[in-house]
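Both complexes shown next keep subunit A, but they swap its partner, so subunit B is in the first and subunit C is in the second.
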Partner chain A sequence: MAGQSDPHLSIFSPSEVEFVAEDEIVDIVPNIRMDALNMICGDFGPFFPQIPTKVPLWLAVALKKRGKCTIRTPDWMTLDRLTQVLEAERESPREFQPLPFHYIEISKLLFDHARDDISDAYLVRSLIEDIRDVRFHKVETGLETISGRTHAVKLKNLSAMEVNIVRPFMVRTLQAFYKHDSPQMIQQADNAGSRSTPVDRGPRVSLHF
Partner chain B sequence: MSSWDDDETAASAAEAATTDVELLKRAWRNEKAAPEVLRFDSPLVSRVREQIQLLEETLDDFADSGVDDLVVSLYQMDLDRTLFLLRSYLRLRLQKIEKYTMHISRSDDLLSRLSPQERRFAKSCAEIMEKHLEQSVLSKLPYGYDSVTRQSLSSTEDDMVPEPQLDTFVFCKTKSDVGAFQLDDIGEEVVDLVADDLYVLRYKSIKGLVEGGRIDLI
Partner chain C sequence: MPGYYDIDDILMEDEPISVVFQVTANGVGLLDPGAESNSVEKGAKVDLPFWLAHGLLSHEQAVSINPPPCFTQKTRKEIQADAACVDLRVRCPYFYELGCKIVPLVSDKSIGLFLRYAFTSRYKEVLSKSHSSSTMSVPKFVPLLTKEETRVFESARESMAAFKKWRAGGVRLQKASILGRKRKTMLPDGPSTP
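Let's look at the complex of A and B:
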């Protein structure tokens, strides 16, 4: 998609989206003893071997990399849950299923650094890829319905990475339609006598998908 | 909202009032997505700078007292992440100020959104820009076409001053229900804004909600 690799148009680079996602809280099971961490971003711990505790994803990955913990698979990332989500995505062409806002980034980080902690990692990964594809296809289909009448778009349950990827195209499309469908433009076209078809300036409907 | 006083467990800390890092992250995202420069959150930035300084001092102490490497590196990561957010926030603003320097310098409202240092930056940026344009180009143009701000004497307004495009579309989410919200001047476009739903709207229409902190740009 045009502008996808240009962070300026997408606003956030993929690393920046991941950066934001890294603050999401996950459960870890440490295998060491460590005092509580009083950080600027929050307080975590104290850590005891085999006692599950909640930490931000960046911290979990740091500990995991050093072999100091295992990361518990989030509830939404189980084979059963994801199979349900995929089915639901396929069955509802105009809705997105509720998923964590950062599901793509979280799953990627977990696959990269904690694959051994995820049960059925290979299947889970391919499920997530399928879900991404179905959802993205819905976004593309929805984009086709944008017209000059569109003054607002509702994208319930779209995730962070999906928003960032589609942003440049959607903004440019909406902007172009807004500009070209403005009352002044239509008036000029009428005055110039180029077309005789009257434009229906009925109430603008907001687009939902 | 300092987390330094907080003895509670991580779980209740997560439930409690938003941390400064969360607030800074929100300010950073809003600044990234908004076409114009937003109000500088002076208290937040001061608090964050204090916490950064405190952590830097703590890390120095750790180096002397031989604290475990792992703990040091984790605190260092926390520090780096916070520094990144702060620096990026400040840089974003500087970029916008530089881009729209003349436009900002002419508006008291816009100037009031900047920190004192940013105001100094904006002023000197505008001066340097004007001087450069005059010396390199404008002084060589015929009379009537040599204004920095107008194309020619026949321009009715300052048409050579770049302005941010306020009617660009932005992605946003509200934290609480806003209800029926009017997007345009004539009342033809009304949207029902529900908490946690994602919308793509014209920035100009929701400017007020962003300033009031009721809607977040993502």
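Let's look at the complex of A and C:
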């Protein structure tokens, strides 16, 4: 895949993640009359002035660039909702609040192309930045608990971009721990005691972030 | 068997290992700098690269391997005292990789546990610095890391840098230089004065 730095780790570059996020559906209010668009991914429209309709984000951005529509801010991107989310994120140190899987990418695209459609754009932007910082700090504290006994990590409600940032680090770390904790490395250390019994790798540890 | 395309694996196999010859070997006097004749005496202590020591051990049992100096009690004590401050790169840049290969070859079976302990305790330091460190300056603990730790650190730093670059924005599509130019309109030369 283009922009991939290490084929063994299958890393997405941030712009590739953004590309995936452009398939998310948003509400727009067109100001033109246009027939329905028949795409491979589905049919969108027909478009009538002042009648809201649902289109993928890439189409919304393309129409917006030409001044053919206004994009409606998604429900979760309002000042009230984000303030609630930020408070909840700060209160629960182990859990992530449910946000859209692509909230970082969607908000960035909207800020770049449809800034005039967002109410309190400046505040919303700084709120999203704060939420992202709080969540990333949680990810880091969660990563501290990885040890040789960790074979799987459960990350509920983590978003695409957040996963993508920690992926290379995490994959390498888990690989290293797996290598150093393999029975071949450790079993021989206590072969005097329990040679015949297979090494108990323990239950799958799942970290609840 | 080293990974054929893995340069680190090949370099790691070049690490010198101290071995004791169990047999007298004729015609290989150049291996032992102290040899008087062109042969290595039985019981001679010689430093050989890992690949040669491994080969001699697995085929002929011609040598016995001593654990390399980076796995001695002194290093273990230092790791136990403050793992993050120990300069493992000076001792052996391929500390973990070499350790993994040495474990099946020597009688001291505690090396495996020691490796895991060292990595676990040093990992936290790498974690706490890697995502937050700036892209311009290199934190001062980086020269202490082994190859494997450096790789973990760099992968985290690169992904964070890529994200920051994306967030800062910039043009996604580069405009060809020719597109910006306006075409010159050629007016027919004529009498412009009325």
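One rule holds in what follows: the second predicted complex is superposed on the first by the 182 of 209 C-alpha atoms of A that agree within 3 Å, B and C clash if a C-alpha of one lies under 4 Å from a C-alpha of the other, contacts with A are read in each partner's own complex, and residues count from 1 in each chain.
To be clear about the criterion, a residue touches a chain if its C-beta (ideal position, glycine included) is under 8 Å from a C-beta of that chain, and two chains touch if they have at least 3 such contacts.
All of these numbers come straight from a predicted model, not from anything done at the bench.
Novice: Can A:Leu110 be said to touch subunit B (first), subunit C (second), both, or neither?
Specialist: Neither partner.
Novice: Is A:Leu99 touching anything from subunit B or subunit C once the two structures are fitted on A? First, second, both or neither.
Specialist: Touch status of A:Leu99: no partner.
Novice: Could you tell me if A:Arg167 is touching subunit B, subunit C, both of them or neither one (first, second, both, neither)?
Specialist: both
Novice: Contact-wise, after the overlay, does A:Ile71 reach subunit B, subunit C, both or neither (first, second, both, neither)?
Specialist: Neither partner.
Novice: Quick one: is A:Ile11 in contact with subunit B, with subunit C, with both, or with neither? Answer first, second, both or neither.
Specialist: Touch status of A:Ile11: both partners.
Novice: Regarding the shared-chain residue A:Phe136, is it in contact with subunit B (first), subunit C (second), both, or neither?
Specialist: A:Phe136: touches subunit C, not subunit B.
Novice: If we overlay the two complexes on their shared chain A, which of subunit B and subunit C does A:His180 touch? Say first, second, both or neither.
Specialist: Once the two structures are laid over each other on A, A:His180 reaches subunit C alone.
Novice: After the superposition on A, what does A:Gly42 contact: first (subunit B), second (subunit C), both or neither?
Specialist: first
Novice: Counting contacts the way the document defines them, which residues of subunit A are shared by the two interfaces, the one with subunit B and the one with subunit C?
Specialist: 11, 167.
Novice: Per the contact definition, I'd like the list of subunit A residues that touch subunit C in the complex.
Specialist: 5-6, 9, 11, 13-15, 18, 108, 112, 136, 140, 143-144, 146-148, 161, 164-169, 172-173, 176-177, 179-181, 184-186, 188-191
Novice: Can you check the complex and tell me which residues of subunit B touch subunit A?
Specialist: The touching residues are 3-4, 6-11, 13-14, 19-21, 25, 29, 32-33, 48, 51-52, 55, 68, 70-71, 73-75, 77-79, 81-82, 84, 167-171, 183-184, 188-189, 191, 197-202, 218.
Novice: Per the contact definition, I'd like the list of subunit C residues that touch subunit A in the complex.
Specialist: 96, 100, 103-104, 109-110, 112-113, 115-116, 119-120, 123-124, 127-128, 130-131, 148, 151-152, 155-156, 158-160, 162-163, 165-167, 169, 172
Novice: Can you check the complex and tell me which residues of subunit A touch subunit B?
Specialist: 11-12, 19-20, 22-23, 25, 34-35, 37-45, 53-55, 58-59, 62-63, 66, 68, 151-158, 160, 163, 167, 170-171, 174-175, 178, 203-204, 206
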